[in-house]
Amino acid sequence: MKVGVPKEILDQEYRVALTPAGVHALVGNGHEVFIETNAGVGSGIPDSQFVEAGAKIQETAKDIFNTSELILKVKQPLPEECKMLKPNQILFTFIHLAADKELAEYLCESKATCIAYETIEDEEGRLPLLIPMSEIAGRMSVQIGTHFLEKYKGGRGVLLGGVPGVEPAKVVIIGGGSVGLNAAKMALGLNARVTILDKNLKRLRELDDYFHGRLETLYSTQ
Amino acid sequence: MKVGVPKEILDQEYRVALTPAGVHALVGNGHEVFIETNAGVGSGIPDSQFVEAGAKIQETAKDIFNTSELILKVKQPLPEECKMLKPNQILFTFIHLAADKELAEYLCESKATCIAYETIEDEEGRLPLLIPMSEIAGRMSVQIGTHFLEKYKGGRGVLLGGVPGVEPAKVVIIGGGSVGLNAAKMALGLNARVTILDKNLKRLRELDDYFHGRLETLYSTQ
Amino acid sequence: MKVGVPKEILDQEYRVALTPAGVHALVGNGHEVFIETNAGVGSGIPDSQFVEAGAKIQETAKDIFNTSELILKVKQPLPEECKMLKPNQILFTFIHLAADKELAEYLCESKATCIAYETIEDEEGRLPLLIPMSEIAGRMSVQIGTHFLEKYKGGRGVLLGGVPGVEPAKVVIIGGGSVGLNAAKMALGLNARVTILDKNLKRLRELDDYFHGRLETLYSTQ
Amino acid sequence: MKVGVPKEILDQEYRVALTPAGVHALVGNGHEVFIETNAGVGSGIPDSQFVEAGAKIQETAKDIFNTSELILKVKQPLPEECKMLKPNQILFTFIHLAADKELAEYLCESKATCIAYETIEDEEGRLPLLIPMSEIAGRMSVQIGTHFLEKYKGGRGVLLGGVPGVEPAKVVIIGGGSVGLNAAKMALGLNARVTILDKNLKRLRELDDYFHGRLETLYSTQ
Amino acid sequence: MKVGVPKEILDQEYRVALTPAGVHALVGNGHEVFIETNAGVGSGIPDSQFVEAGAKIQETAKDIFNTSELILKVKQPLPEECKMLKPNQILFTFIHLAADKELAEYLCESKATCIAYETIEDEEGRLPLLIPMSEIAGRMSVQIGTHFLEKYKGGRGVLLGGVPGVEPAKVVIIGGGSVGLNAAKMALGLNARVTILDKNLKRLRELDDYFHGRLETLYSTQ
Amino acid sequence: MKVGVPKEILDQEYRVALTPAGVHALVGNGHEVFIETNAGVGSGIPDSQFVEAGAKIQETAKDIFNTSELILKVKQPLPEECKMLKPNQILFTFIHLAADKELAEYLCESKATCIAYETIEDEEGRLPLLIPMSEIAGRMSVQIGTHFLEKYKGGRGVLLGGVPGVEPAKVVIIGGGSVGLNAAKMALGLNARVTILDKNLKRLRELDDYFHGRLETLYSTQ
């Protein structure tokens, strides 16, 4: 199959849908891989690494969309990308249609087959392509929180873990799923006092076990 | 030297001043050791173990006080014991004179040399014979506290560590010395939330280090 | 539905079947909730909190049983409660019929629908309403054990975690289910040496993992 | 003694030299305390709390400098503050003279007695008023570092602790003193791989002990 | 059923297929157990312990094979053992046929029913008789590795955990199953830096959780 | 000063007295450093690294002893080395004279100034050049112990940490100094049950604190 990876064009999006290792695996299984020039630069991957792994570099997104049967992206396509999609082409990326009627219409018009990362389920009904995002989101939430608590950012001048003799901050996490678990790991790592609220007692029990009683679990009521 | 160990007669006192291992060490160094019969029974040590270790058993406290140059006890002597003390005899035990004028007078009259365990200092000015008492006191304080928090003892029905979904108890420890440190170990071991107050910032820093940020240290003000 | 909560009348039972948060949730879903006056006092919940949450207070247990379609209790009903049950009324409480033939007969006569908390299973066949009881039982077993090891309670004068230089106590836990796991958490928290026996090797493996090798797991043979 | 606390006027300085608890302690020992109005606002302490603790509020810095025998500040005095200092008045604050010849001249001219926080030594030759600054600096260094590693701040897009399947960041700390220790605590708390360099092997040994082998200690050579 | 346990005759094999506790359980359930004399000696179990547990001792392997309906062994049978097997007899042991065509032919000729430990699956498709072998293999791999890193064994003279000031060794574990997990536990216990490679991201997540971020998990690519 | 490092000639000794970083530091301070060719090979350091760091390579030990004012070695000199020592030359190495009268006589005859590493004390009376040896000895003692417990080495076939369902080994460490502490770290890291005996109660307290109650400390009696 011809697999194409255009450069992401959404503002502030530096990722690329495929790593050289991914290229290597696909090519090793008999596929052809096309990468738009500089697609990996935002992630620190020069074209040469993709070439070494077996990819072919193409100059423009248009080339990618013209050549490929399967388009791999990170974020939902912008209108100019949607217009390049063709019937029977497969688009595989995060889409998040629910909030974006215009995008839904564009995709329908394209008659391409669009599969959203966020809807892929494993055999236990979990969302394996969302979990890493949740892990990152949970971990970053704490470091972003510490940042905005700093006085010079307009915060309250609170250091999450305090110092000896000074009370640590209290962090309350609403929901004990992947995001909450990862946020709790980081907040406890910085020595904050952490409380997690959830309305699933079984999950609270798992969290209590995971943290060996170091964090407070609280059953959430209305 | 002739060393004598009478049976403790204070109410609720089950300890004995010397273990068989202690007897063994003293005898090995050329001393004679006399133990009052049954002196070790409250601590689960029969006379036979003392004999095996090299001690001689005597029938009464009077025998011990008559024979020995050095009297080893656990608690302060009661009046009937004071009266058996002789000039030049050495009494080595916990005494706690400060709170007991009558005892002070008895001991003065006896003209014995009385050395209180609680006043022995090591080269760094610490009280090595008090530290084990503090360790035990600190550890027991928490288990006694858990007991009186139980509902059927008239307590508030609070379980120190809570269970998943229910808030743990908050334990506040005033003073971060040996007693406080040991109380904190036990309270954290039971998963309570623990705060230690002290007015010595250096000590708070040591406690914060010891517990790796698991407990809250608070500088104590008026 | 009309939901009623009588005050528990079993000796030494201080709990109440519903918290104000539970009242709030039920009322929010369109039910009516009736609470017997002072039902929450043993748990530190005054009538006023139930009223605030949307409940109506009734004077007597008789009122509750007359008004309600669903009766929520904590412990099995005593004979005088059984006699107030009516056909088609639902009783939801711990019952433990197996050991109490008289109670079984009373409940049959009442023609009420009686559902025992201890028989509710989740989709994995576990007993979610029993687990919190097991957690509490396991945790309390250790603090009750420490209490009866104290000398003045007639115990052996053993401190669970010892102190430096003195051997800690050895705690043997028979069965590594919820009760055993929670007992082990507390006993290790107090620094005792803990061994768990179970005849399920997979469970021993989970416990070994959970405690990161801190406790001894032993396969139980006859 | 009359003790005065002017509001800090250095840019970005939100602290105040005395808390209400400090006021309380000084007043309780027979001193008079004067606080410039709004001195505590940057730290979230309204004048009313100082008044409650026994302080008197004064309108201007000039009033404070005129009234007080001892001036307590946080940061070194700016020229306009130096000019208000009087012979025999005592100034107690961070000064950091070494880098600021102009300030040194101003203070000499004032003929006040100036004691710098950063020069106070305890009986072991340590600097107790600097340690809390080091603790805060070390802890903040990591959260500031995490911030500038974020992609949208121009960083390399590295998450300190990684996520499962992705390498964590490597943090190298030069010097294992108070700052380094506190930075290491936070960096390990976020699950980074941490190496500390120091040329004091005894200190490396203490750090290895403190972190129970979780961080790498490396003897620093030229 | 008549159950027989011959002494293992494979070189370097010191184990025995049944412990006295196992004998006790089988006999208690109505079976007869026959043990070849000295079968347990390599594991420190004298015949007398088997007798006490209810077994009968037989002189030779021939006796065991003649008497028993079920033969329990540890390792695959050697040719001389295969020849003693009889039709309808059951052999229960590790077999590992895949690598040994000659053995397969011997067993077919014997017309015995041969069940290999390594093929037994539990209800979740796991191999419960292999897991303990994996646990031991994983744990021993590290201690054998430490041994061959020692200089006098021709190794590189590297101490796994280093000492303060000296870099610890880096251990890379390929595959995060039971063997890998147990190897990681031991390597981390010795303070090495550990990386686990696996191509199952879910498993890496479990390992990251298990070790609370102390080891590096790396997604394995080609 | 001229500093010389001969190749170690004792059997099984692979170390070298100076690393390239040490050479660099000495040369940077104005000294000349001479290394015997191949002196670093046993430690994986080729001559070229010493040269890069500023050393000069000499062909024979004789050259080194002839040129240098200060001789740095690892182990005590053998007779052939003693004979090359000259009056006023300084020898700095491990010597361990107490057990070796012949060596003492050789060194006296040489009239060199011999300073033994093992006698250097820091300001607190500790032996800083022995501590790293103790750390290594303590850590290696455990891995050597695990090795000789293996069945095929004639051991008892005991795995230090056991596996789930099987008792871990019991490790008893006599003396809680640097060696004992490091042995305990490794033994606990492998999940053995560890007891340390010492007759210094203060040290036992430190060890109990260090291991947070995970090991048993026992006061050592005769």
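Order as written gives the chain letters A, B, C, D, E and F; numbering starts at 1 within each chain.
Definition applied: contacts are C-beta pairs under 8 Å (C-beta built on N, C-alpha and C of every residue); 3 or more make two chains touch, one makes a residue touch a chain.
Predicted model, so just to flag it, every value in this text is computed and none were measured.
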Every chain in contact with both chain B and chain F is listed here as C, D
Overlap of the chain B and chain E neighbour lists contains A, C, D, F
The chain whose C-alpha centroid lies farthest from that of chain D is chain E
Given over half shared residue numbers means same and under half means different, the chain B/chain C interface is same
Maximum distance between Cα centroids and chain A occurs for chain B
Expressed in whole Å, how far the mean CA point of chain C lies from that of chain E is 42
Distance in whole angstrom between the CA centres of chain D and chain E is 60
Listed in rising order, chain E residues that touch 2 or more other chains are 132, 161, 163-165, 185, 191, 201, 205, 213
So the touching chain pairs work out to A-B, A-C, A-D, A-E, B-C, B-D, B-F, C-E, C-F, D-E, D-F, E-F
In the complex, the residues of chain A that touch chain E are 19, 21-22, 24-25, 28, 122, 128, 131-132, 135, 185, 210
Counting only contacts in the complex, chain B reaches chain D at residues 201-202, 205, 209, 213, 221-222
Given the complex, residues on chain C that touch chain F span 161-168, 191, 193, 201, 204-205, 207-208, 213-214, 216-219
Counting only contacts in the complex, chain C reaches chain B at residues 12, 14, 42-44, 132, 135-136, 139-140, 143, 146-147, 150-152, 156-157, 159-161, 163-165, 182, 185-186, 188-191
